[in-house]
Structure formats: C-alpha cells, structure tokens
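What follows is subunit A paired twice: with subunit B in the first complex and subunit C in the second.
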Partner chain A sequence: MRQIKRMLRMHKIFVAQELKRMMEYKGDFIVGIIGFLFAQCTNMLFLWIIFRQIPSLMGWTLNQVVFIYGFSLIPKGIDHLLFDNLWAIGHWTVRKGDFDKYLTRPVNTLFHVMVERLQIDALGELIMGIALICITLPSVAIQWSLLKILLIIAVIPFATLIYTGIKIATAAIAFWTKRSGNITFMFYMVNDFAKYPVSIYNNAVRFIITYIIPFAFTAYYPAEYILTGNNPLFNIGLTIVISLILMVIGIFVWNKGIRAYESAGS
Partner chain B sequence: MKKKFRIYMPFVNAGMQETTTYRANWIFLMIGNVLGCFVSYFIWKAVFISGNNENMNGFTMPQMVVYIFLMFLTSTLISSGGTYDIGEEIRDGSIAMRIIKPISYNSTFLFQELGNKFMTVCILIVPLVVGVEAVRCIFTGSVQFNIFNFLMYILSCVFAYLINFFFNICFGFIAFIIKYLWGANMMKNCIVGFLSGATIPLSFLPDTLERVFLILPFASLNYTPVMIYMGMYSGVSMIYYLALQLFWVLTFWGLSKLLWNVSIKHLTVQGG
Partner chain C sequence: MIYVENLRKEFKKTIKEPGVLGSFKSLFHPKTEKIVAVNDISFNVPEGEILGFIGPNGAGKSTVIKMLTGILTPTSGKCTINGRNPNENRKSYVKEIGVVFGQRTQLWWDLPLRETYAVLKEIYEVPDDKYHKRMAFLNEILDLEKFITSPVRTLSLGQRMRADIAASLLHSPKVLFLDEPTIGLDVVVKDNIRNAVDYINKQEKTTVILTTHDLADIELLAKRIVMIDKGSNVFDGTISELKSKYGQIRELHFDTDTENVKDILSYKEHFDFNDEDITVETEGSSVKVRFNSEAVPVSDMLSYTLGKINIKDISVKDADIEEIIRRLYKQGV
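Coming up: the complex of A and B.
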C-alpha cells in the first residue's frame, strides 16, 4: 500500500515536470497535435472516397466503419498519451547508453520509463476518435442498457493495456539487441488491420489478429459488441483476459531483459 | 568530375555502411510496411466484392494489387530523410561542422543517401518486381513485363527522388521557425501521401480535383512512376509527365538554393 502511494506521488511529480516542459514549447505541441489529427483526416477522406463507389463494404455502412475506426483511436490514444516513452527505449535509449540512468535510481525501471513522459500529440488521436464516435453515434442505432455502458467503460483500460503490453515486450527486446524500435513498428502495423471490420479479411489474417497478435481486441471486437450487442463473453471478456496475459508477458520479458542488459557505453 | 566523385565517395560509403549495420532493424521496417500493403489489399478486395463493377475508375482488382505494391516499392525507392537531418543539425548546431568544410552542403546529404539507396534497390527491387509480374501473369495468363516501361519507370523514379530530395531540403529549413519537426513532418507526410496518390489512386477523386492534383508536384513523386510502369501513360502523355517531373526537379532545386542562401545569413548556432 505504501509503495502504491509512493508511486502515485512520483507519477504526479513526473507529470508536473512534463507540463512545465510543454509550456516552454507551446507552439510545437500544437503542431504535434495537428499532425496526428491530419493523419486521421486523410484516412477518413480515403474511406469517404471509397464509399462513394459502393453502397456498403461487405454489409458494413460508412457510419459503422467510421464508428469502429473512431473507437480504435481511443485505447490507442490513451496508451500513446501515457506510455509513449517505451518507443524511445527501442529506438535510442538503450543504443545510446542512456538507459543506465534508470538503473541507478531507487525506482522500478519499468514504472520509471512508463511515467517519465506525457505525449501530448496523442490528443490529436483522442480528439478525432471522440469526434468520430459522436458524429456517427446517432446513425448507427445502438441499443443501450446499463450493463452495456458499464462494460464499455470497463473495457477501454484493458484494450489500452493490449497496446502497452505489446510495447513493453517489444521494447524490452532492445536489452538484447540494442535496437528494437522497428520491431515495435512492425507490430503496430498489424494494428492497422484491427481498425476495419474483421469480416473483410481471410481466415489466416483473422486468426493472426485474434489469437497471435491480438490487436483485433483493441478495436473491432469491443466495437462490434457496442454496435450489435452480440457475444459479450467473447468480445469483452476475452479482451480483458488477453490484455492481462499480454501485460504479464511484457513484464516477464522486461525483467528478463534487465538481467541480460549490458550498457552500450556512452 | 572525377575529382568531385573522389570527394563525395566517402559519403556514399558511409551511407551503405549505415544501412548494413542496422540491417535487422531495416528488415523489420520493411516487413511492417508490407503488412500495411496487405491492409490496403484486403480493403480494396472488399471494395471490389461490394461494388458491382469489375472496373473502378480505370482499375481492375489485379491492377489495384499491382498498384498497391508498386506504390510501396516506389515510395521506398524515392524516400528521402533530408528534412529530419537538416532540422536536427540546425537544432543541435552540428550544421556548423558541415558549413566550414569546402564541400556543398546539399551534396553531402545527397551522396550519403545514394549509398543508402543502393542497398535498398539491391534488396527490394528484384523480389517486388518479380512478385508484381507474377500477380499480373496469374491474372491475365500472359507475361506483361515491358522492358521499355520498366526503364522509363526507373528514369521517372530518379526524377521523383530528386524532387523529393530538394523538396525535403526546402521543408527542412522550416526548422528555423518550428523547432518540433516530428509534428511538422507528420503533417507533411500525410498531405504528400494523399496528394501523391499513395493513399488512393488519383483517378478516384472528383474530376476537377484530379486535374489539379496531377499538375501539383506531389503527383510527380509516386503517381507518375507507378502509372508509367503499369502502362497507363504511354506515348505523348508519358513524355508530358516526364517533362513535368523534370520541371519540378529544376524548380525545387532552384528553390532549395535560394532558401539556403537566404537562411544561411540568419543562422545562429548556439554551442555546437
């Protein structure tokens, strides 16, 4: 209990430090947020142009596809906002020998890395995600119930942890190889599959994004539950189970990696 | 000429070594990008199944597959990292080290990247071209490979690379104003990606937009080479688009020189 209190207090200090840094470069952060907004806008334009050609995408309407896409941005954005620093581990922190600083401090290394930075750029994704959901919500005809609302609120943090778990595990590979940023990138590209209805893929792809690299649980499956109310046990239940498994794997790989770590020198 | 070559050769070498040192990292990057291609592939497949037409704005499904993978090959071949490097050097002051040397600033970047490119070309072009041709052969039942179109594609890619290189140099000078290049770069990549047809073939756009986009320099980046390879531009139109590419090469080359001359006078290096 005392430890958790200590961690929370430290988190507050780190965040305060980050906010100070941000105030120093205000204009740059606006540029970053707009950059990520832009990235999503071009994807929307792409969907809109495609739907000018066809009435529906294998039975999915434009509004439904956009809703799933918008939902996918929420867990992604939260993870991006809070734990973006893990990218740096794989790309340069270990390679440049900067990782040593974490080892010299009396804090859990993983905790320290995760809370050290706040990535405000992610607001671009979050704003866009919320906007897309709000725009499409009236036209996708969702049947609401109290249970559903509770389940949706509960599933978002777990969907976020799927990202975080995969990022921890792939970043930790850098402890052996010095550089693993592009392995994380590779996994993130798989994530693009999950932004669209899974029914457009063949069985092999469907199997991979469900059970091997389970990104489909960050977006499509929960969104399908929201839209149709079908299979809560699979769509929501499995999301929670899988996210916990991935976090355990991530922490395990990280701890193994720390033991194998040799400084790159600087 | 020979002397110039001797001066810049070490930069070519450095570029080649850079790529080979981090080859595992590079391979993962490429696998990630190919996965992105497959996402597009499945979306387009669903689109063609959902639509009633076999032909959409001049593209059939096999042509679309070819288009997606050629787009990936082309954008990898013509990619240029100048923006980021210049921005970083302005920020940390190491630009001073390049300026005091009696060599051209732009050329050092160009030659370093050529080394990089050489490795990319060697590894990527053969499997991708063979793959694309295999797809075309399976769908049409005969070999479609056209050596003339292929050579023109290479020429067009060279032009496209030069446009991209000088454009990125121009853009890199934005670092004098905006310090946060990551965000600005992201914005630029999205706009360029869309206007150059990497996101969606330009023929899918409304007519007037398409006509405007085709003249803009961005279509000269990815779209023109891919169209040439696919045999969609031939005869007079091929000459027209190649000439347009050349025009943009010269324009951005001139602009980058101009910006360099203006901004070098305003450069202040702190430390370095």
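Coming up: the complex of A and C.
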C-alpha cells in the first residue's frame, strides 16, 4: 500500500511534466489527435457503406456495431495512456542496457516502468471511444440496472489489464532476446479483430481471439453484455478471470526475465 | 564491509554466420560462444575505505560493479555487501547503496533536475526535512545551483555527472559505487568531484569503490587498489606496495651535445637488457632513459653513461604510478 502511494506521488510528477510538454508542443499534439480521428472516421465510413447493403450484420445493427467499436477504444486507450512505457522496454531499454537504472532503485521494477510515462496521444482513442458510445447510446436500447452499471464499471479496468498483461509478458521476452518490440506489435495487431462482433468471423479466428490471444474480452464480450444483458458469467466473469491470468503470466515472465537480464557492455 | 569471493560472470554470445544462409542457419541452430568477463575474482573492502578498482579496457570492471549492485546475477561465486547478497531482497539492499555509471545517466532525460530529485525523494522515501538539508548540502559540494532548473537533456557532460553523483548520494548510502565518474571531464570539474567524494568518505564514513582510467583519481582518493585484467586479479594492495613491488623502474634524464646517443650508448646490447626493461627517448638535446633497476643497478647505468658521452645535467627519478601501471597493462600479467 505504501509503495502504491509512493508510486502515485511519483506518477503525479511525471504527469505534470507530460502536460507541460504537451502545452509546449501543442501543434504536434493536435496534429497527432486529428490524424488519429481521421483514421477512425475512415473505419466508420467503411461500416456505414457495409450497412447500406445489409440491414444487419449477424443480428447486429449499425448502431450496435459502432457501440462495440467505441467501447473497444476505452480499455485500449487507458492502457495506451498509462502504460505505454512498456513498449520502450522491448524496443530499446533492455537492448541498450538502460534497464540498469530500474534495478538500482528500491521500488518494484515493473511499477517503476509503468508509472514513468503518460502517453497523451492516447486521448485520441479515449475521446473517439466516448464520442461513439454517446452517439449510439440513445439508439441501442440498453436495459439498465444497478448491477449492470456496477459490472460495467468493474470490467473496464480488467479489460484494460488484458492489454497490459500481454504487453508485460511480451516486453519481458526482451530480457532474453534483447529485443521484443515486434512481438508485442504482432500481438497488438490481433486486437483489430476484437473491435467487431466475433460472430462475423469463422471458427478459427473466433477461437484465437477468444482463447489464444483473448482480445475479444477487451471489447466484444463485455460490450455484448452491456447491449443484451446475456451471459454475464461468460462475458464479464471470464473477462476478469482472463485478465488476472494474463497479469499473473506477465508478472511471472517479467520476474524471471530480470534474472536473465544481461545489461550491455560499456 | 564488502566481501567478494570467486565472483564469476559468463556471457553467451551468439555467433552470426555471414550471409543470408548463415543468418538463417543461426536462427535455428544458434552457435553460441562463452565469454568469461569476470573470472573468479576475490577481494575485500573494509568499511570507510575508498578502493581504486582499475584495469585496462574490457578487463571486467563494470561487470563486477554490476554484480555488486544487483544489476547482473553472477554465474558463480559470492559477494556480500554490508552483510547482504545483492540478488536477494533487492529493494531493501539498493536503499543502502549509491551507483553512478559515468558512461550513461540514470536520470530522466526530459525532467528538470529539481523534479528529478523530487522523484528520487519519493523512490528512496527521504523525509522532507532530511531532503531539504541533503539538497542544500549536495548543492554546496557539487555546485548544482546554476542548472538545477534545466532539463537533464540540456546539461553539459560535467553538469550531468555532478547531477548524477548528487542523485546517488541523496539517500545517504553506506556504500557508493562509482564507475568512471571523471570520464571526459575538465580539470576543474574533476577536482570538484574528487573533493566531493573525499568529503563524503571522510564525513559519513561512506565506503567507495571507484573505477577510473585517470590514475590521478586513484592517487588522490584511494589508499588501496585492486587491479584486474581479462577478468582476473592482478594486484591487490596499497599504492606504496604497488610501487615497491613493481617500482624497480627508474628514469635517467640528461642533456648532452653528443649526436646519435642511442647508437653510441646501445644499452640493450651492452647490458643485455630484455626488451621491456629499457626504453630510450630523445628530444633535441635531452634524453630520457627508462630502465629496470633490478636488471642493472642505477650506479652501473650512471657510470657507464657518464663514461661514454659528454653530459651537461643528469638526474635519476623513481617511476610514477602511471608508468608502473602502463607496464602492467602492457604485459597483461
């Protein structure tokens, strides 16, 4: 607990710094966000064109599909905003020996890496996600209940940790191989599938994004529960279980990796 | 305080075979080669001592420091610092040590220096009142005031090194590891850093292990040196022991108007010196002869030289520590 408090105080300093930097390079920041929103709009256009041909996609309406898409951006955006520094581990921190500094400090190395940066660019995803949810919310006819609201609030951090756990485990491979950024990237490519209802895919793809690289639990399954109220045990319960399993695997690989870390000459 | 026993570190290196086919082969059957970076090294450092840890490039100094600070796990052997093993209970161990690698900063590139120390305060859990006192103190001995508001990336090398050293001292460590803390610095900054290390060592009884290629650091700070080469111990003792053990080298300096002194004197043939036991350098009319006084006594050298040529001014000198170490590095004992 004390460690978490310290980490949060540290985090505050880094966040303040990041915000200062954002103000300093406003232009770059704004262009980045606009670029991201533009790319997302082309996706929306694509959906809209499909739905002009067909009234519904495997039982989902355009608004529902857009809602799922919007929801998928929330856990992804939170992970991107808070824990982006893990990318650096797999790309260069380990390879260049810069990981040394984390090992000479009296805090958990993983915590230290995770709180060290705030990736403001991720606000693009969060803004887009919230906007899409707000736009479609009136027309998707959700049955609200207190339990549902509580479950939704609870499931978002766990869905986020699915991303984070996978990122920790794949980043930690670099402790052995020196470089693993591309492995993380490969895994993250799969998450594009998870933005749409899994029922549109064939069995193989469905199996992979459910049980192998379970990104479907970051978006489609929780969103399905929100929209239909179906299968809370599978849609919400399994999301939580899978995210915990992935975090445990991630932390395990990370701790093993630290012992194999070889630093760099000079 | 610090006990190092048969410490060993091996690195595996994959050998890349040339060409596309080669790299394909090594993808499936990677050929690895074992590099012994540190080969069963042992030494001790008593509390409050500054140890000069030296050796030629690639000797394994940084690798030893990384094992002592818990960054690397030793292949075999043991090190105990302050009664503890760096690889067990890492978090509480590193609270007691300070580490500086001169080659690379441990600070945050974009953070202003002042914020950097604020973060380290949280990391090391330094209480407010202690923190303010400590900052004022570090400010005084390392002169940080002028650049304390600048981001680390804008600091000059000398400023950055002082900032790094201050960072390593913020939590008043019992043991300080300095790996080349004076690399690339001008004389004034070097002096500043040496004084700071000396002061901390005297005031707070901090034990220090210092690696450097500038032997002035060693002469000014360390009583004892441990020298390693190719991963193995070469020498362990005080500087005066080093001088008496390897210091049979003498230097003969003289001025002469005779031409071609080298040919006329031909010490090597006359006294039958080994190659490494004699060198003669001439510059205009002044001549510098460096020889091993164990092979030929000083008096013989003097009388032979005086009898052979016309000499204006002559003197005999002890070789300095730099000369001794140069010889040791060259021989690769």
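Simple rule for what comes next: the second predicted complex is superposed on the first by the 263 of 266 C-alpha atoms of A that agree within 3 Å, B and C clash if a C-alpha of one lies under 4 Å from a C-alpha of the other, contacts with A are read in each partner's own complex, and residues count from 1 in each chain.
Keep in mind that, in the parts below, contacts are C-beta pairs under 8 Å (C-beta built on N, C-alpha and C of every residue); 3 or more make two chains touch, one makes a residue touch a chain.
Being a predicted model, the structure only gives us computed values, none of them experimental.
**Q** Using the superposition on subunit A, decide if subunit B and subunit C clash or fit.
**A** The answer is fit.
**Q** Counting touched residues of subunit A, say whether subunit B or subunit C comes out ahead.
**A** Partner with more touched residues of subunit A: B.
**Q** Once the structures are superposed on A, label A:205 by its partner contacts, choosing first (subunit B), second (subunit C), both or neither.
**A** Touch status of A:205: first partner only.
**Q** With both complexes superposed on chain A, which partner does A:108 reach: first (subunit B), second (subunit C), both or neither?
**A** second
**Q** In the superposed arrangement, does A:13 touch subunit B (first), subunit C (second), both or neither?
**A** Touch partner of A:13: subunit C, not subunit B.
**Q** Could you say whether A:262 touches subunit B, subunit C, both of them, or neither, answering first, second, both or neither?
**A** A:262: touches subunit C, not subunit B.
**Q** Look at A:100 in the shared chain and tell me whether it touches subunit B only, subunit C only, both, or neither; answer first, second, both or neither.
**A** After superposition on chain A, A:100 lies in contact with subunit C alone.
**Q** With both complexes superposed on chain A, which partner does A:21 reach: first (subunit B), second (subunit C), both or neither?
**A** Second partner only.
**Q** With the two structures placed on a shared chain A, what shortest C-alpha distance in Å links subunit B and subunit C?
**A** So the smallest C-alpha to C-alpha spacing between these two chains is 7 Å.
**Q** For subunit A, what residues appear in both contact lists, the one with subunit B and the one with subunit C?
**A** In subunit A, nothing is touched by subunit B and also by subunit C.
**Q** Within the complex, which stretch of subunit C touches subunit A?
**A** Contacts found on subunit C: 11, 62, 66, 69-73, 87, 90-92, 94-95, 97, 99, 101, 103-104, 106, 108, 110-111, 115, 118-119, 122-125.
**Q** Can you check the complex and tell me which residues of subunit B touch subunit A?
**A** 22, 24-26, 28-29, 31-33, 35-36, 38-39, 42-43, 45-47, 49-51, 53, 56-57, 178-180, 182-187, 190-191, 193-194, 199-200, 204-205
**Q** Touching residues of subunit A toward subunit B in the complex: what are they?
**A** That would be residues 25, 27-29, 31-36, 38-39, 41-43, 45-46, 49-50, 53-58, 121, 177, 179-183, 185-186, 188-190, 192-193, 196, 200-202, 205 of subunit A.
**Q** Once bound in the complex, which stretches of subunit A touch subunit C?
**A** For this pair, the touching residues of subunit A are 6, 9-10, 13-14, 17, 21, 97-98, 100-101, 103-108, 112, 116, 259-263, 265-266.
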